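The two complexes that follow have chain A in common; it is paired with chain B in the first and with chain C in the second.
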Partner chain A sequence: MSTFLQAGANGLMVGGIYALIGVSLTLIFGVMKIINFCQGELLMLGMYTSFVLYDQFGLDPFLAIPIVAIFMFIFGALLQFTLITRSLKDEDDDTNVLFLTVGLGILFQNLALLYFKSDYRTASSIFSDKIVSLGVITVSLPKLVSFILLIIVTALMFLLLKYTNIGKQIRATSQNKIGAEVSGIKTKSIYAATYGLGAAIAGITGACLMSFYYVFPSVGEIYGTRSFIVVTMGGLGSVVGALVSGIVLGLMETIGAVVVGSSFKDTIVFLTFICILVVKQRLKTKRG
Partner chain B sequence: MKKRIGSRQILLLIMLFLVALIPMFIKTPYILSILVMTFYTASASLAWSILGGMTGQISLGHAAFMGLGAYISTLLLMNANFTPWVSIIVVFFVVGGISALLLSPCFHLRGPYFSLVTIAFGEAFRNLLTNWNYAGKGQGLLLPFGDNSLILMRFKSKAPYFYLALVMVILMYLLVKYIDQSKLGYALKTVREDEDTANAIGINPWKYKVIATFISCGLVAVCGVFYASYIRFISPDIMMQDQSVKFVLPAVIGGIGSAIGPLIGAIILTPLSEYLNATLSSIAPGANLLVYAVILIVVILFQPRGIMGWYENSKFKIKLNNWLDKLDGRKKE
Partner chain C sequence: MKRKVMAMVLALTMTTGVLAGCGGYGSSKGSDTTDTSTTTETQGSDNSTTAKTQESTATGDPILIGALYPLTGDLADSGKNMQYGIDFAVEEINANGGIDGRPIKIIYGDTQGDGAPGMTEMERLITQEKVVAVMGAYQSGVTEVVSQVAENYQIPMITANATADSLTSHGYEYFFRLAPTNMMFIRDMFQCLVDYAGKHSNATIKTVAVCADNTELGQQTATWAKFWAEKNGMEYLGDVLYSKGAADLTSEVLQLKQLNPDALIVDNYVSDAILLTKTMNEQGYKPQIMIAKGNGYSETSYLESTGAQANGILFATEYLQGEKSQDIYDRFMQKYNVALNGHSAEAYTVVWIFKQALQNLANAGKEINSENLKTELQTIKIENSFEGGSEIILPYNTIQFTDGEFNGIQYKQTNMLGNLVVAQFQDEEIKSVWPFDEAEVEIQYPASFQ
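And then the complex of A and B:
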């Protein structure tokens, strides 16, 4: 029983990271309908930014979060404003955006490889190596802090989208771009800001991850695919959905690893994902 | 109208003849290996383009089906002494069947969701093979070495592989070209352009997507048989997602949806990438993929229809056609 509890606790923590990257993608893909195949690479860039801050200035990954977030926001907004927006002109055809972001992903990954080499790098935080015991289960402190941060970020995103002026503008642009433009919303800036916001959250995820994981150029691949799984499972554009499905995915992985052995956990995750996708689509077409 | 053999056909044959002569003059294994990889990438990209280009279903998991082909033929060879020549046929039907069966529930998914499903299948296959004892787990399989043998597709020099790859790419090109102009090709292109319209005029999109998947994945598996015979070492790493991207890029850069596009793309990209990989990998790892990415981004931003898209609208094509007509002694009407 305690194995299961421990696996559950681990799954919750891993799921937290999946949920956070899922929230970032749900802004870009769910709300803005930009097919972003470089989400994992944005996370990787966030991790490296946090690593550089640690390496050069000795900044704790958790303290670096605001700097990483602002940097990634500017980076993401510029990326959207200069490159991605050009491929969005053709509304029916989204293969261009798909290929563009795949290309950007390869670009970032190999730039990182070129600059940082393929070594695994770590940064330590004041919370590192500390463990919290709750009855039979133990959780490492950085993971717990990340999890709390996740809840805060998700709540902030939810409130931002729901109640603030910017959030309303984002949702309006998402629902009807031309209508939003007619109402005086500068959709171009909104697109850039939303992408920037998504990139910033990916950066925050990266900084959190940095406190207990190591960074290497292709670290994003795992999380990029996972983020899509989370978003499609949770429903497009739903922040709360991303939170729940991220945690479910984490639990599925760790508990699945206990049940069938850790080597086949990826297969389970991917096959479940395909099943969910297909069933969801079937239900949607049936409802009409 | 009877088709006359004009200067176009003759020029093509001369070019082909010159390419076929290359191994007689260039003995450097390095250059030959670059050419073999070019032909191999072009073949895989052509196979991809049946599903990705013609039918518009962007698959990012083709490397997994290529890997399946390589694994099946290798296991047959190692355990049953099965010749790769027969494996080609077996693999085409088995992998084509498996992929069509697995992907058939997923054809109602549109756009990026289909791509995600192919990624997920690719990763699942890789994960299975990484943990499967019979298939050598993560270490992969080493094909038996030995004397030259045509039956076992095993040669010590590069030249025989060069001809094999050349034949493979020519056959693949002719097949894609044939499908492109056949009734099947038009049905596939209708599905790509508008599924609802296709449905309305009696083309069942689902059925044609299954057919396209069968052919495309089966053919890419055949490329896998060649890959295994040539490299003589396979591991689950060949099924990685970035390998799939390597099949997709030539088609995208050359021009999606035409038979010549993937060929042109591979001829430009692969030698460049192999060269950069060989010269820069020690001092600047990843430089070859960096160049791939930059080319892809530039092409997508400035010429989304690829090199062939540019060529179709350029003055160069008119000039070339005029010149060829003059060679034929035909007058422009």
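And then the complex of A and C:
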């Protein structure tokens, strides 16, 4: 029983990270309908930013979060403004952006490889290697702090989208771009801001991850695929959905590994994912 | 139009901004100057190497040997290390007159860490560069496919590093292996445990479990661990296999905790090794003894990332500093600013094996060609040291490619006399602990992990 409880706690913590990267993607993919295949690489860039801050200035990954977030916001907004918006077509044709983001992903990975080499690099935080025990359960402190940050970020995003002016503009642009433009919304700036936000959250995730994981140029691949699962399971554009499905994914992995064995961990995840996709589509067509 | 131009300019500034710093991030290994100098040699261009040979005493017609390693991609760093080992040996050999005045020249091929480009490069080395023999590749999977190409073209090939047992089971005539195989790795890891338990009554090692990734290599580790556990009268409690490149290993550690073996046998790539060590610490799992197949644990970034948490972990490896020829280690360190490790020491040794074989041919008045070289390699026996060179720096004193069979697996032209050394992390340093008569320090038992 204690094993299950422990596996559950671990699942929550891992799921937290999946959820956070999911929230970042849901803004870009879900809200702006940009199929962003370089989300994992944005995470990687966030991790390296945090690593460089640690390595050069001894900045704790958690304290570096504001800097990483601002840097990634600017980077993301610039990326959207210069390249992605220009490759977007007015019709519902996503192929351009799809290829563009795949290409960017490869570019970022190789630049990181060139500059940082393929070494594994870590940064330590004041919370690193500290453990919190709650009865039979032990949880590592950096993971717990990351989890709390996740809740805060998700809540902020939810409130931002729901109640603020810019949030309303984002949703309006997402629903109908032409309509939004007619009502005087500067959709180009909204696109840039949203992509920037998504990149910033990916950066925050990266800084959190840096406190207990390691960074290497292709680290994005591990999290990139999972972020798509999270967003699709949680419903496009739903921040709360991403939160829930991220945690569910984490729980499935850890508890599944204990029940049926580690080798089948991914099998369980992807089987469930396929089932959810099919069932969702079924329900949709039934409703008409 | 104006906008387009602006977009281009912005995009360019973004990329160049990043590229501007491309001297490489303050890497712990090697200075940038040595990096670039070897890259030029890598291109296989005639200029650099000939320039080098002109300085040395060997000035005759060069003897070409191909070397296939991952020089770009994720494994480029490991590839570079082996390249250093090779260049180091070549320099020594040519400075001492090469083979009767003929220098050895290495033509590099880049596998990119993958089989398909590896095969293309192998064909290039053989058909265009016309090398007399080949060495490589780093990974077992790549070696498997390129060795077939060498066999087809009847070009002798020695692998310095590939450990998968099956590589030498195909009956290839032209393929030789220096590296100890997986079987030998696990054999020596168990022998270390058995020896320790035999010597110290406080250590009880009756049960073992394995944690490895579910690649072919990881599964082989599990299979051999089961075999050697039974041979040594230990109980095999089971294995925990996970997908390579894991995002999280907490469940795996929980399963190991439940199995609770006396000794934990592991085989992980460096990223997973770091994660496993950290997760074990986080979950408070401290097996009495933990022994790893070199693999990720012998890489510098492992110890850098885990620090004191690695203390007490044992690992089997192909070479350890200080065991023999400290002088070579020091000169290597001075030249490349990186440590000579198991893989570069093996690559270094293979060049010397080629040298010795070629020298034997020359001494016997035979023509230097692939066929004669193959025959020579089949019969060569090197004991203690190379003619005109140093002693064998690896932990064994005899190199001979013989045929053998073990537990139903054929080993053709393999250095069956090879063995490993075991080291332990103590006070965040690597100390040799087994075989006992050559050990620097005693094994720390139980492992502290702090």
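Methods note: the second predicted complex is superposed on the first by the 287 of 288 C-alpha atoms of A that agree within 3 Å, B and C clash if a C-alpha of one lies under 4 Å from a C-alpha of the other, contacts with A are read in each partner's own complex, and residues count from 1 in each chain.
The rule is simple: a residue touches a chain if its C-beta (ideal position, glycine included) is under 8 Å from a C-beta of that chain, and two chains touch if they have at least 3 such contacts.
All values derive from a computational prediction rather than experimental measurement.
J.: Could you check whether chain B and chain C clash or fit when both are placed on chain A?
T.: clash
J.: Between chain B (first) and chain C (second), which does A:T95 come into contact with in this model arrangement: first, second, both, or neither?
T.: Touch partner of A:T95: chain B, not chain C.
J.: Looking at the overlay, what does A:R86 touch: chain B (first), chain C (second), both, or neither?
T.: both
J.: Examine A:Q6 and indicate which partner it touches, taking first as chain B and second as chain C; both and neither are also allowed.
T.: In the superposition, A:Q6 touches chain C alone.
J.: Where does A:P217 make contact in the superposed view: on chain B (first), on chain C (second), on both, or on neither?
T.: After superposing on A, A:P217 lies in contact with both chain B and chain C.
J.: Please indicate which partner A:L114 is in contact with in the superposed arrangement: first for chain B, second for chain C, both, or neither.
T.: A:L114 sits against chain B and chain C alike.
J.: With the two complexes superposed on chain A, say which partner A:A199 touches: chain B (first), chain C (second), both, or neither.
T.: neither
J.: Where does A:E253 make contact in the superposed view: on chain B (first), on chain C (second), on both, or on neither?
T.: Only chain C is touched by A:E253; chain B is not.
J.: Which partner does A:S263 reach: the first (chain B), the second (chain C), both, or neither?
T.: In the superposition, A:S263 contacts both chain B and chain C.
J.: Counting contacts the way the document defines them, which residues of chain A are shared by the two interfaces, the one with chain B and the one with chain C?
T.: The answer is residues 83, 86, 107, 111, 113-114, 117-118, 217, 221, 263, 266 of chain A.
J.: What residues on chain A touch chain C, complex-wise?
T.: For chain A paired with chain C, touching residues are 3, 6-7, 10, 13-14, 17, 55, 78-79, 81-83, 86, 107, 111, 113-122, 129, 131, 138, 140, 212-214, 216-218, 221-223, 226, 250, 253-255, 257-258, 261-263, 265-266.
J.: Taking the touch rule as given, give the residues of chain B at its contact with chain A in the complex, in rising order.
T.: For chain B paired with chain A, touching residues are 56, 58, 60, 105-106, 108-109, 111-113, 115-117, 119-121, 123-124, 127-128, 130-131, 241-242, 245, 248, 252, 256, 284-287, 289-290, 292-294, 296-297, 300-301, 304.
J.: What residues of chain A sit close enough to touch chain B in their complex?
T.: Spelled out, the residues of chain A in touch with chain B are 29, 35, 83, 86-87, 90, 94-96, 98-100, 102-104, 106-107, 109-111, 113-114, 117-118, 217, 221, 225, 228-229, 232, 263-264, 266-267, 270-271, 273-274, 277-278, 281-282, 285.
J.: Using the touch definition up top, name the residues of chain C that touch chain A in the complex.
T.: Touching chain A: residues 4, 7, 10-11, 14-15, 18-19, 21-22, 24-29, 73-77, 214, 240-243, 245, 247-248, 250-252, 254-255, 258, 270-271, 274-275, 278, 281-284, 301-302, 304-305, 309 of chain C.
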